[in-house]
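In the two complexes that follow, subunit A is the common piece, with subunit B as its partner first and subunit C second.
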Partner chain A sequence: MTNAITIRSATRTYGRTRALDDVTFAVPEHSICGLLGRNGAGKTTIMSIIAGQDRESSGRVEVLGHTPFEHAATLSQISFVRDNQRYPDDYRLHHVLRIAPDFAPNWSAEVAGELVAAFRIPSKTQIKKLSRGQLSSVGIVLGLASRAPVTLLDEPYLGLDVTARGLFHQALIRDVESQPRTVLLSTHLIEESASLFDRVVIMDRGRVVVDSDSDDARQLAFVMSGTTDAVDRLVAGRPVLRRQRIGGLASVTVEGGADDGIRAQAAARGVQLAAASLQELVAAHGESEPEIVQEKAGVRA
Partner chain B sequence: MSAIIPTVKLHLNKRETTFGVPLYITAVVALVSILISLVFWRSGSQPGTTGWIEGSQANPGILYALVGFLAYLGVQSVATTFPFALTLGATRRAFTGGTLLWAAIASAYLTAVFAVLTMVEIATEHWFVGFYIFDVYVLGAGDLTRLIPIVFLGALTIFTIGGVFGASWVRFGARGPQLIAVVLAVAIVLTLIILIPYAASIFAAFQLWWLAVAAVVAITLSSTGTWLLLRPAVVR
Partner chain C sequence: MHPDDSPIFLQLAAQIADDIVTGAYPEESAIPSATEYALFHTMNPATVSKGVNVLVEQGVLYKKRGIGMFVAAGARELLLTRRRAELYPNYIEPLMHEAAVLGIAPAELARMIHDQLTLQEDNS
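On to the complex of A and B.
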């Protein structure tokens, strides 16, 4: 399968800050890839480089076979709307809808019209005065109606109500089916978006910690829950990603798959095992070091 | 696929800002100039007299009033439009080229408007009552061969200087414009220090085309500076 996006050992530093550190992953053509991780993990930075809006300090980034920075033909094939997208002074919705087709060769006025109506975006209000959710809706219209072969969506859900999020999912799936394209989508609403993803890339502190097929990602870690003593005995010697404890109960996210041996031991000690969900995997990798976290609730039953 | 023409369209997307607002400002200044003329008239000055004509033609208001708006337009053409242009898929090179082309179009438009209004003013013997609005010294005193380069190069110079300030803000934040202002101030003072002993002979030899050359140099330096500042700029 051809890769639409290929990143090899990309590093990006801003002064003394290392925003990306030896990032390597690829996104196959016509797939939807979830880019996940905590705030500050480097998601927007790598998207910005993929979109040619920034440049890697070292390494190599290729989109559709070319380095995107200042490559006009490639940039015309990419759509990237930031979560905090800035617009020219006094812009209203019609300004955006009027100019976007001049830059996006595959622009669909039909899709734009449908989305504007579905999201109920005010046409007469200045964009800078729109609510957070309405601003996200404008970004989604730009991102989807451009029908760019490489579409980068950075936190498209910010501020969207539940109805609008559902509409976005439907529109994305329907339009990608009719006009196949490569989508890289970053979000913190992981459970809600998980079903969209063919692949997932999880980043933490500028590094890729998981790069996997979406189905395989569910086998990358498991969660053990039970009495602290029993859980501690079972996890001994295993790579713990996250540990939570409340009173005499513990819940531990362990890297790797659960084999028959540990299943038998867990059953014997009354410890429950479950495959870590994508959200649990992201949360676990987001904790800087395995440590005991006291919580009032949240221990798995 | 070059994004130069789409970038020009991006700048022209707010048509009223480029084509309408300068006309509104010009109309307001014209109105104010007429009101001031009426004050002088009522105070005893007579239209058509030598003193009236010299006093009216010395009024530079029509030009000064536009400078602030054109500078704002130049700054925003880069500062708030560049991030959106990148989002739409423009290269930095195409954005800089398209912005310069838009500035040239807007300057040509202003030049055409001023030229037509000046001709109308002269043809109507200054609006039938001797009011001087466009036939003023600072615009060439009714001489179109002077008015056209003055307005075109003047507007383009202001646009591009505004653009380089906008680009410095995109590149360095608030420190960018401050840095350019300090560098400019130091350069001007150093130039004065060097040239002041020869000021009398320079003024004696002064030719109007020197200003045109200075404007072309400023436009070239500003546009190049904009490109150099935007190329490594990171939009966040």
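On to the complex of A and C.
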């Protein structure tokens, strides 16, 4: 399978801040990839670079085989909707819809019309006076109706009500089925969108911590819960992502797959063992402090 | 059947298999399209195809080119045979394990099952 987006060792520094640190991942053509992680993880930075609106300090980023930065032919194949997309001050919806096709050669007025109606976006209000959710809806209309071979959606859900989120999912599935394209979508609403993804990339502090097929992501971590004593004994020597305690009980998220050996040991000690959900995986990676984990492992060894 | 932490495509395959066993999808009838499943469950269409293909490989579904996926003749019996084989490890073993934990003797467990079956027969 060819990759629509390939990122090799991309680093982006702003002064002393390292927003991206040796980021490497690829997004296969015609897949829906979830880009997950805490605020400040580097999701928007990498999306901006993929969209050609920013440039890596070092490393290499290719979209459809080309470096997107200042490459018009590639840029016309990309649609990037920022979470804080700005519009000219006096713009109303119809201005946006009239100008959008100039930037999107595959623009579908039909899809745009359907979505505007479904999202109930007011057409006479100035864009800058729309609510946060309505503004997100406008972004989704642009993102989907552009039908760009590479579609980047940064936090498309912000402020969106539950009905609209469902509409967005349905529209995304339907339109991607009829016009296959590559979608990279960042979100914090992981539980809701997990089943949409073919692949997931989890970032933390500028680095990629998980890059996996969605199905395999369930084997990347597991949660053990039971008495603190029993759990600690089972966890010993394994990489811990997250620890929670209540009374004499502990719940620990461990990185890696659960093999039959640990399953048997857990059962023998009355410890519950379950695969970590994508949401738990992201939360655990966001909480983990690698230095501390190493220290604890050192004490035990 | 499948624990919740099994991959989504296997959960879908299990659910379609269930629907065939209960008769919701009779043999030689079409099942919904990948897009319909994707929209209904809000899941990635590729995941749906993966789940459907599991059942194709097992001979439960077959593809009619350009029309869609159909339930194979004998699919229900095939699935029932498999589920009968899974009855022991999935239900009887855990039941016996739990009974042992609670200190219920095998003879007492057998009597409880017998009583429950008699009760159901009386009620039906």
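Going forward, the second predicted complex is superposed on the first by the 288 of 301 C-alpha atoms of A that agree within 3 Å, B and C clash if a C-alpha of one lies under 4 Å from a C-alpha of the other, contacts with A are read in each partner's own complex, and residues count from 1 in each chain.
Rule of thumb we're sticking to: a contact is a pair of C-beta atoms (placed from the backbone, for glycine too) under 8 Å apart; a residue touches a chain by one contact, two chains touch by 3 or more.
From a predicted model like this one, the values you see are computed outputs, not experimental measurements.
Participant: Determine, under the contact definition given at the top, whether A:Ile173 touches first (subunit B), second (subunit C), both, or neither.
Facilitator: second
Participant: Of the partners subunit B and subunit C, which touch A:Leu184 in the superposed model: first, second, both, neither?
Facilitator: A:Leu184 contacts neither subunit B nor subunit C.
Participant: By the touch definition at the top of the document, which applies to A:Ile32: first (subunit B), second (subunit C), both, or neither?
Facilitator: Touch status of A:Ile32: second partner only.
Participant: Going by the contact rule set out at the top, does A:Val208 touch subunit B (first), subunit C (second), both, or neither?
Facilitator: neither
Participant: Tell me which touches more residues of subunit A here: subunit C or subunit B.
Facilitator: B
Participant: Of the two partner chains, subunit B (first) and subunit C (second), which one does A:Met224 touch, if any: first, second, both, or neither?
Facilitator: Neither partner.
Participant: Touch test for A:Ala73: subunit B only (first), subunit C only (second), both, or neither?
Facilitator: first
Participant: Check the residue A:Asp198 against both partner chains and state whether it touches subunit B (first), subunit C (second), both, or neither.
Facilitator: second
Participant: Just checking: does A:Ala274 make contact with subunit B only, subunit C only, both, or neither of them? Give me first, second, both or neither.
Facilitator: second
Participant: Once the two structures are fitted together, what part of subunit A is touched by subunit B and by subunit C alike?
Facilitator: None.
Participant: If we count contacts the way the header does, which residues on subunit A are in touch with subunit B in the complex?
Facilitator: 14, 48, 51-54, 70-73, 75-76, 78-82, 85-91, 95, 98-100, 102-105, 142
Participant: Subunit A touches which residues of subunit B in the complex?
Facilitator: Within the complex, subunit B touches subunit A at residues 1-3, 5-6, 9-10, 13-14, 17, 76, 80-81, 83-84, 86-94, 234-235.
Participant: How about subunit A: which of its residues touch subunit C in the complex?
Facilitator: 31-32, 166, 169-170, 173-174, 176-177, 195-198, 214-215, 218, 274-275, 277
Participant: If you look only at subunit C, which of its residues touch subunit A in the complex?
Facilitator: Contact set of subunit C toward subunit A: 5-9, 35, 38-39, 41-47, 50.
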